[in-house]
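Common to both upcoming complexes is subunit A, partnered first by subunit B, then by subunit C.
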Partner chain A sequence: MSFELFIECIKLWWDPVYSSWMFFALFLPLVILIYAISGKDRRPYVLLFSGWLFFISLSGVMFLVHIFETLLVWRMGIVLGRISEDKSLKRKERTAKKKKLLIAGIISLVAVLFVLKYLDFTGSNVVRLLNILSIPCEWRFLNIAVPVGISYFTLEGISYLTEVYWENIKPRGQYMNVALYMGFFPKLIEGPITRFSDVSDTLFSGLPVSYENLTRGYQRILLGLFKKLLIADHLAPAVDIVYKWEEKAGSVALFAAVIFTIQEYMDFAGSIDIVIGAARIFGVDLKENFRQPFFAKNASDFWHRWHITLGTFFRDYIFYPVSVNKSIMKLTKKVKDRFGAEAGRLTAPSVAIFCVWITNGIWHGPKWNYIFYGLYYFVWIFIENIAEKPFLSLLSKMKLSESSLIVRIFRFIKLFIIVITGEMFFRADSMSVGFEMFRYVFTDFNSRKLIRHLGDMGMDFHDYLTVIIAFILIIILSVLKELKVPYRKAFMSLPVFVRWTAWYALIMVIVVFGAYGSGYDAAGMIYAKF
Partner chain B sequence: MITREENKNIYAGILFILILFIIWGIASLLVKPDFGEVYNIVQVTQKMDSFKDEVPDTIDVIFAGNSEVYRTFSPLQIFHETGITSYCMSESALRLCDALGLTKASFETQSPKVVVLEADAIFSDSDPHKDNYALPTNLIEDIFPIFHYHIFYKAYVPEFVFNDSVDLRTEHALRGFVQTDMAVPYTGPADYMNEGDHVRINRDSRKYLDLMREFCEEKNVPLLLTAAPNAKNWNYSKNKALQEYADKYGLDFLDLNMHVQDMGIDWNTDTMDGGNHMSFEGSKKTTAFMEEYLKENYDLTDHRGDPLYSDWEKDNEEYELYP
Partner chain C sequence: MREKILEILTEVRPDIDFENETELVSGNILESFDIVQIVAELDDEFDIEISPKDLVAENFNSLEALEDLIERLQDE
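Let's turn to the complex of A and B:
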């Protein structure tokens, strides 16, 4: 390898598309080495400075936004803690003071996120509305660079402040603790969104790199690479091509939605496997973000299994607070008095679910598609909440149990349709394209058009075959997990020769059949842009 | 203090990595091509395989380069009109290193009299190990070529589903030329040669261009540099750079862009994609011009009527491209 090539490779580290590769090739092994040879007290600092270096390499000067937010969260946490312990104040006064501070903190964090990520979107839409009302004005796009992972570490900052406010955790006096919590490099780009209490025991302890953690961490990383390189990245060019929506046919629209759903799932789940594996090497156990989502029994359950940490964030910090809000309680009472107990029972959860889903849609980014996507799930979950009781009574009349095969198949098909339709709109270039694709499914399916163009989608026969076989293997693994079959224990009880052979085989399968290098475009991480 | 268990684990870890490196090393030896380093092993292997179907020592002219070649020069037309045999050793986005590999491979079964190198590949990426899409993996490709040639299996596992594509069916019959019905007019300025930035032949391209020249010298075969009409990607700067190279080494250089009017190129009908590649109608004109040039400048035999070349006539009759 020439020096010139080496320099070019290093330069490309600055491009987030390649960051994942550089992460494995150079960054992670180097950090593990420095971490392992450092003293116990210095190890958290190794993680902190590695995270900062990683951040600077990806976002340059926008790293300062991260520093600003961590400083803000750290200081506000300390002040919140002081107020909590201020016995000179009455409880009510303390709560009121803390509440004001918490709101100020959350508003500050959200304001930074809004300016960097949503200002152009909001401004341009306001201008569009004013133009419709015949008020001439124009919006000059600011195109501000967004620091990597801002949507994730902002939520972590909010989580930290709220937990301190609720007195579930003690605020940390050392800035390093808060900075490392919000800037731990494996989870910086795509999460999982982590609670302070989940990692506080391990992250700051400077645990040594154990053989157990190292092997388990790398095994998890391999699983992630399998999902990403064999499935998601193979599908990436086909998804890009079909979503250009030049070949208009219902079959193409449906195919686009299905392959995007698989790509997104495997990309995100694979990346999270890599993140969890990398964190594990340092002795940090991050929360799982996926739990066999397609085994869910309905849309609500799906979101308990898909992007779990985002779902639990919204549950704990939006759903519950909104549900028990005084105004909502009053509304519930009014509805109950006027429309009956059942309507009253549904009021608070429905309002809370609406708040959750509109926030979920907006969180994904400044696009109407995402807002629609959030509202889409609100509607489905609302319908399911209303329909669940009648559905269960219908089942008992038909003498069918919830766990019967036919009910499970029905639920799967229903969920599949809901998810696929949602993804069709989620990935479409615009809402109008999304609706057009949806319309074509029913008005002009034309399966021949799809078959004719399967060869023009940036994937050859071998790529399709690789994706199909790899995905079947992942499905088998998911079934085993869902059935709680202790396959890992069984595997670990095999002779070392067999285990090593299996790992070598997996590595070679990834090396040979992975979508990378000549003939493939590098595919970035989908959830890194949210 | 390292415990015995930890010691055992360290040795196990080192052993695991060592065995992995050995596996990668062996796999690299198995997949590394013996005809030299190439960028896209699948394209090159498939092209070489289809080229081997030609009757030995029957191809007089090799057209090397990327898609510009198979859209511009039609061997069947050249044979039909002059009796000279040729083959397009070209693939989409083919790099100069791969063009060199294919040219070398063509001499294993054939004894070409002329090598024609189309210039578009010269002004693109030329190095087998420099890939804008995969630079980080390029870091270890030199040590473990399996990371570069990992898609080698694609050249050997047949395409069960898409093997009826036009390109594959006609590869042999049209001798690498790809016929198209598409025609998208070029709407840019007529003096496109004045457009574009000043360019030079980059270091990688020069290296492979030199290797190509040296190979042709070694085989005692003239190397003709040419540039297909291209309103999108060609200009005087490229012309000048290549002319300088040709002058320096005494090579022939035929820039078809300088003869667009002589050939009667109509940019409304003769390009398939708005000026980048020739349409079928355009290729008829460029091929006619090239065959005249070959006939006049090189000692090439008219094989029409020779029973050894009867396949060429049959293929032309079957595809009815050149009545």
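Let's turn to the complex of A and C:
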């Protein structure tokens, strides 16, 4: 059997999502079994090779891109480490040498990502611009198959090199360590974007599979499946239908944005639950990626709670370095002298958050909608930073506390509008469709059209009921978490047969009410394509 | 030095009890915007260069931690 045929055979029975039965009921248990019966020293290799098999099954020959990047990061890390320890050089010389190498490393990683993910987009837009300027030319699309998870492991490679450059971590001599860090299969497709220091104590130690980790891991996986299969995947066909934008009405546009926001959150947060649960079984604690985002007090806080690991990546590797950059500091002083202290105060963070949000938009993919989405949040966060102080003084004049119900309701409504509008553009087929949907909300709301349309959205009465009940349960859970109610402790204090009955009931609910079958093929993992 | 740091911190965030708080960053009390502003002021005041490498929670969690950071950077 040729290698290509072998790959095709694997692809036939392999569904590339963590919520597929093939993953959590066959692949994962098999890896756990092999891992558990292997010796301590061999366990990390079991994780590495199963990750590679997982990767090959999803991306075929493009797996070599992953190998190339891990080799590059590993070697560069070693060289950076050597320069750090080279006492024959002065500190400044060492830093300059390391800086050059770090920049070369980051450019190499970004260049690979650019060629694979953004070349067609950039080329076709340049050609379009030239055509507008009456220069005839055309772009021949390359349509390269992008390897799975490249947007995530590229950032992890950048993080590793930067931390070695900063001397926060010692570079690893063994290739296996870097390869496993960037290729640990649970987090390969959708993150969370992991720092080397988060996992270095556990991932390479070959920790035994404990009963505690196994049960807690699978419990977390069940919670993820609940969110993904009962809510996100049930909504997927409806989201696809409303975003075709054939039924034009403001009510449909608003409904589309709301159900997409719910679908996206449940899909991503659910998948991350599965990822964190799967990693936990091997004794590896990955960072949380969500913290009840809809309880945020403003857009900035929302991003401290939504896709947290992406936010902290941008904060540590873009926001801070740009903010404290010497040229930016000089600019700050000039602005301060000319326009006053307040303008000076805002200069560095504003330039830095612009860099963060344009990168955030581009990171999501080669689409103008995503770039717009990034700039949209830049504008909101910028406005909030200017308006926060006057808003707080207004509250004190009105003798209103920041934690009062009316202020919290106001903040929630404001956040809801910001997020929903953002998602309307984010998911729209094009920018022009996004703007049209937005315009219809104000010019032709027509709620009757939406009510008539509800029946032909690929969801029957039972689907709607399942989504609503499951959604309410998740909201209750989120409220308990936000209020720091120790519900897990209370649950664990119940008699063992009650707990196990509850878990079996949850499994049955997922099996019976989850969304499966050919009608749900479109429900891959939303964040896997970024 | 302590008084000067406290003055800078209080100017940026008058609502925080900097003398007793020990989880300024890990407790999400100071925001990244505040930290950038504090860095600019400290760099100016103490003639030091706080780099992105130093912008970690351990260095900014308390007044004492900031004092240690500045002393370390002045020695370098």
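Keep in mind that, in the parts below, the second predicted complex is superposed on the first by the 504 of 530 C-alpha atoms of A that agree within 3 Å, B and C clash if a C-alpha of one lies under 4 Å from a C-alpha of the other, contacts with A are read in each partner's own complex, and residues count from 1 in each chain.
Methods note: a residue touches a chain if its C-beta (ideal position, glycine included) is under 8 Å from a C-beta of that chain, and two chains touch if they have at least 3 such contacts.
None of the values given here were measured: they were computed from a predicted structure.
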Which superposed partner A:319 touches (first subunit B, second subunit C, both, neither): second
If touched residues of subunit A are counted for subunit B and for subunit C, the larger one: B
Touched partner set for A:461, first subunit B, second subunit C, both or neither: first
Subunit B versus subunit C as contact partner of A:385, first or second or both or neither: second
Contacts of A:349 with subunit B and subunit C, given as first, second, both or neither: second
Which of subunit B and subunit C A:291 touches, first, second, both or neither: neither
Contacts of A:170 with subunit B and subunit C, given as first, second, both or neither: neither
Subunit A positions touched by subunit B in one structure and by subunit C in the second: none
In the complex with subunit B, residue positions of subunit A that touch it: 1, 5-6, 8-9, 12-13, 18, 21-22, 25-26, 211, 214-215, 454-455, 460-462, 464, 500, 503-504, 507-508, 511-514, 516-522
Residues of subunit B defined as touching subunit A within the complex: 6, 9-10, 12-13, 16, 19-20, 23-24, 27, 39-42, 129-131, 133-143, 146-148, 150-151, 153-154, 157, 159-162, 165
Sites on subunit A touched by subunit C in the complex: 166-168, 300, 304, 315-316, 319-321, 323-324, 329, 332, 345, 348-349, 352, 385
Interfacial residue positions of subunit C with respect to subunit A in the complex: 28, 31-33, 35-37, 39-40, 43, 50-53, 55-56
